[in-house]
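Can you read through this structure? Questions will come right after.
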Amino acid sequence: MKEKIYYILSVSKKPGDTSWYFDIFIITLIILNVLAIVLESIEHVRLQYQTQFDIFEIFSVVIFTVEYILRVWTADLIPTYKKPLTGNLKFALTPLALIDLLAFLPFYLPFIGIDLRLLRVLRIFRIFRLFKIARYVEALSFINSVFKKKKEELAISLIFTAFLLLISSAFMYYVENEAQPENFSSIPGTMWWGIATLTTVGYGDIYPVTPLGQFLGGIIAIIGIGLFALPTGILASGFSDEISKRKQQGDYCATCGQTIKVKTDEY
Amino acid sequence: MKEKIYYILSVSKKPGDTSWYFDIFIITLIILNVLAIVLESIEHVRLQYQTQFDIFEIFSVVIFTVEYILRVWTADLIPTYKKPLTGNLKFALTPLALIDLLAFLPFYLPFIGIDLRLLRVLRIFRIFRLFKIARYVEALSFINSVFKKKKEELAISLIFTAFLLLISSAFMYYVENEAQPENFSSIPGTMWWGIATLTTVGYGDIYPVTPLGQFLGGIIAIIGIGLFALPTGILASGFSDEISKRKQQGDYCATCGQTIKVKTDEY
Amino acid sequence: MKEKIYYILSVSKKPGDTSWYFDIFIITLIILNVLAIVLESIEHVRLQYQTQFDIFEIFSVVIFTVEYILRVWTADLIPTYKKPLTGNLKFALTPLALIDLLAFLPFYLPFIGIDLRLLRVLRIFRIFRLFKIARYVEALSFINSVFKKKKEELAISLIFTAFLLLISSAFMYYVENEAQPENFSSIPGTMWWGIATLTTVGYGDIYPVTPLGQFLGGIIAIIGIGLFALPTGILASGFSDEISKRKQQGDYCATCGQTIKVKTDEY
Amino acid sequence: MKEKIYYILSVSKKPGDTSWYFDIFIITLIILNVLAIVLESIEHVRLQYQTQFDIFEIFSVVIFTVEYILRVWTADLIPTYKKPLTGNLKFALTPLALIDLLAFLPFYLPFIGIDLRLLRVLRIFRIFRLFKIARYVEALSFINSVFKKKKEELAISLIFTAFLLLISSAFMYYVENEAQPENFSSIPGTMWWGIATLTTVGYGDIYPVTPLGQFLGGIIAIIGIGLFALPTGILASGFSDEISKRKQQGDYCATCGQTIKVKTDEY
């Protein structure tokens, strides 16, 4: 029976069998959960359908809890985690298993006497339920491999970025602090200006007003946005490399048009 | 006579004959219609020239109606739609024919007793008259093929984009809602902030004010704009691929400098 | 003597001779003129040094006038314009000669009784003096060839851009006009929003406030910025093509580090 | 003993020896200094821990002073600077040595009777301590070689940028000055608008309001952002060239995952 459960839980390769219907069920449940989280955030919807949301929450948590327990219990049937207890524990520490756990754990915390104020914070973790879908969506493993392949380049450009942000903000703080002590109140506070400027978002809530500050800000903007755009370029080239690699291997074209694809190497 | 009409309606290959003059006439009428729509949107122009606009509208609708009826009637002369009635119907469902229909249909709705409030909404469809020009402008079929060639890449990057937008907005909603309940009122409402930030538009009507919100917003901006720029990169590479392909085929250089070109494969 | 003047006016090939010193003199005069225009725009500087600015203006105009007359007079010594009168006239209609003319002409207009209010407008043309430097700066002929090589691509992408801007603005006008009649007052007025959004500048002076408008604005931003970034990508690739072409030809490396280079094919 | 000190000061090649521990010590001290500068900028932290910050400042300055003196003293052991006195002086004028000097010099200025108001300005130089880390971080020498390789392209595109900014700002000043004399007060003042627009930052503190100004601003934005993005494209391609070059040479892969790497050619 354990093997049967393992088979049902694992991502199905052939449409139409029990495992495949189970996948569809879980995917639907995840999407409905995300929808519920989004709708609950709208106050008048929350107030009107509070009971329905609560019932659905309990239902979802029960399913996710059972699913998690069964996944950990059957994990020793996966070759990588075949050692009886150590294997199950090792599996429980994989990112996907941790996401599974975080997706329902906060629900149980009030029962073990957690402060209600902390609980408010823990409700954020409900959004992690969305990540559970990573098991079924090929496109999300895609970005993962792009990040892995380009990790050195991204690391180097992040060091630049951090360096540039620190230097820019420190100079701007010294120049503008006197004129606008409330906006450029400290170097960390000025970094908010630095990020808004160097990413070219430019909300306009904080900007230099002194001629020297505007001159410095202009120089920083012209030079800095080039360096801040490096990660964008790295990701774009990594993305197109990965696309052309998968197209050559032929395991990509087979799934054209069907982006939500059953993957065979995740549990 | 039917074949004569078909020939006149179809996009002409040789400048100077009747079909060519008809094309010029329709293109001019489309451009004048778009100009009229734009000018009518300026209140004092609309008030002053109301009668002229109305006369021009009736004139245009009559022409577009007759053109549409003749196009559908003669559609069975096109090899693809040669079956008498089914062919005409099939043609009537092509995107270009539907645009032709939408371009004049709202005009007739008051006569069949449509609510005037709904009519206001239907006036938006007048702008679809601009799309009628797609039949004559090569450049617009260009972007179409770029989108088709890159549809998988665009689909993958849109999934990322949607995912990232949802996650970012959900987190930001939890973090900022208490401090700014009117701006970060719900997750869908926070998505307006998310789009403005991740596209780097940054109107500045809504932005985080708490230190935690600004820290989170900074991280989201630095990481997110790279992923949001992926579609831009995909379109740019698809565009340059298509350009170089057409240049090699030689059917592009022939039209250099003459972008509004008569196309032979559209009706 | 005419040949001597021609030689002095033409861009010198060897540093140190009369023609070379004349080039340096004209370049210096142009830069000083631009500096004067910039400084004169600062009110308290203008009020304090009005006399000096006026004297420098008269001095510059005299030099530029004499230079222009001599250039047109000696133009028939250039092989391309060797026909006595027609050649001189043809030369006078080249972009560089027209810039030379526009650089000093507005100064003389009050003497022939031009309305002073129009004159204010004509003062803008003084900034064209900056373009006179194009004769001497290699880098500006560079961007010129990039634009010429990519003119088809740029034309296609400008058609998209105009199309997209018109459609986006028309829809947004219909959606937001009722809620913000002063901001989204007409389709041309809404285009100001369209440009600010699609270029991602996002000043924040005008943005949608209705949920439908924000939804539409979000869709437009996500799709549109990709298309609006096409010219950027085209220019970038054209720029790097031109760089590598010139590096191969070897006529570029010779001038490394010396960007302001004397060109031999301009007069 | 001089050679011993030289060996300890130079960047260590083998982890675990005295020179290596010294490097770790200096790197830690630099990071703590930057942290102190950042924290001191937050007013309530500065007021609470003033004494601790002062003690740490004195400690750091003493270390950095001794380190600097020893570095200059032992510089003649480096082959490039082996001439006794001239060599040491030549070394003292290298960028890294100057940064070392600037990092502690302002501390001593009050003792030689410098005006306290000037001192405020000199405190900015404390942030240069961050640059001391350049000696130890491979990633920062990386951007340096990218800038060197692409210096011609960057120079050309900076000339465009400056040209475009000047022309745009001059025209916009003439067009908008009458309507908004306080915002578009002068050409240099309008450049602040020009930079915010052409970099697409768009704070929204200053923007055209007249129809002509908005039309001109729209044209400038559409054309200009393409040219302003050139440096970004140049840096991105230089970055990827450098990455692939170092990967081929094999001296890069060896340090994968370990970005803060000891370099052998800096002192």
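Some observations on this one:
Labels A, B, C and D are assigned to the chains in the order they are written; within every chain, residues are numbered from 1.
Quick note on the criterion: a contact is a pair of C-beta atoms (placed from the backbone, for glycine too) under 8 Å apart; a residue touches a chain by one contact, two chains touch by 3 or more.
Nothing here was measured: the structure is a model prediction, and the numbers come from that model.
The pairing of subunit B with subunit C is characterised as different-residue: of all residue numbers used at this interface, under half are used by both copies. Comparing each option in A-C, B-D or A-B with A-D by residue number, the pair that reproduces over half of the contacts is A-B.
Inter-chain spacing, taken between the CA centroids of subunit B and subunit C, is 33 Å.
Computed centre separation for the pair subunit B/subunit D is 46 angstrom, with centres defined by C-alpha atoms. Multi-chain contact residues of subunit D (touching two or more other chains) are listed as 188, 196, 200-204, 234. Per the touch definition, subunit D reaches subunit C in the complex via residues 151-153, 155-157, 159-160, 163, 166-167, 170-171, 173-174, 185-189, 196-197, 200-204, 207, 214, 217-218, 221-223, 225-227, 229-230, 233-234, 237. Of all the residues in subunit C, the ones that touch subunit D in their complex are 34, 37-38, 41-43, 121, 123-124, 127, 130, 137, 139-140, 142-143, 161, 191-192, 195-196, 199-205, 228, 231-232, 234-236, 239-240, 243, 252, 256-257, 259. Residue ranges of subunit B in contact with subunit D, taken from their complex: 200-204.
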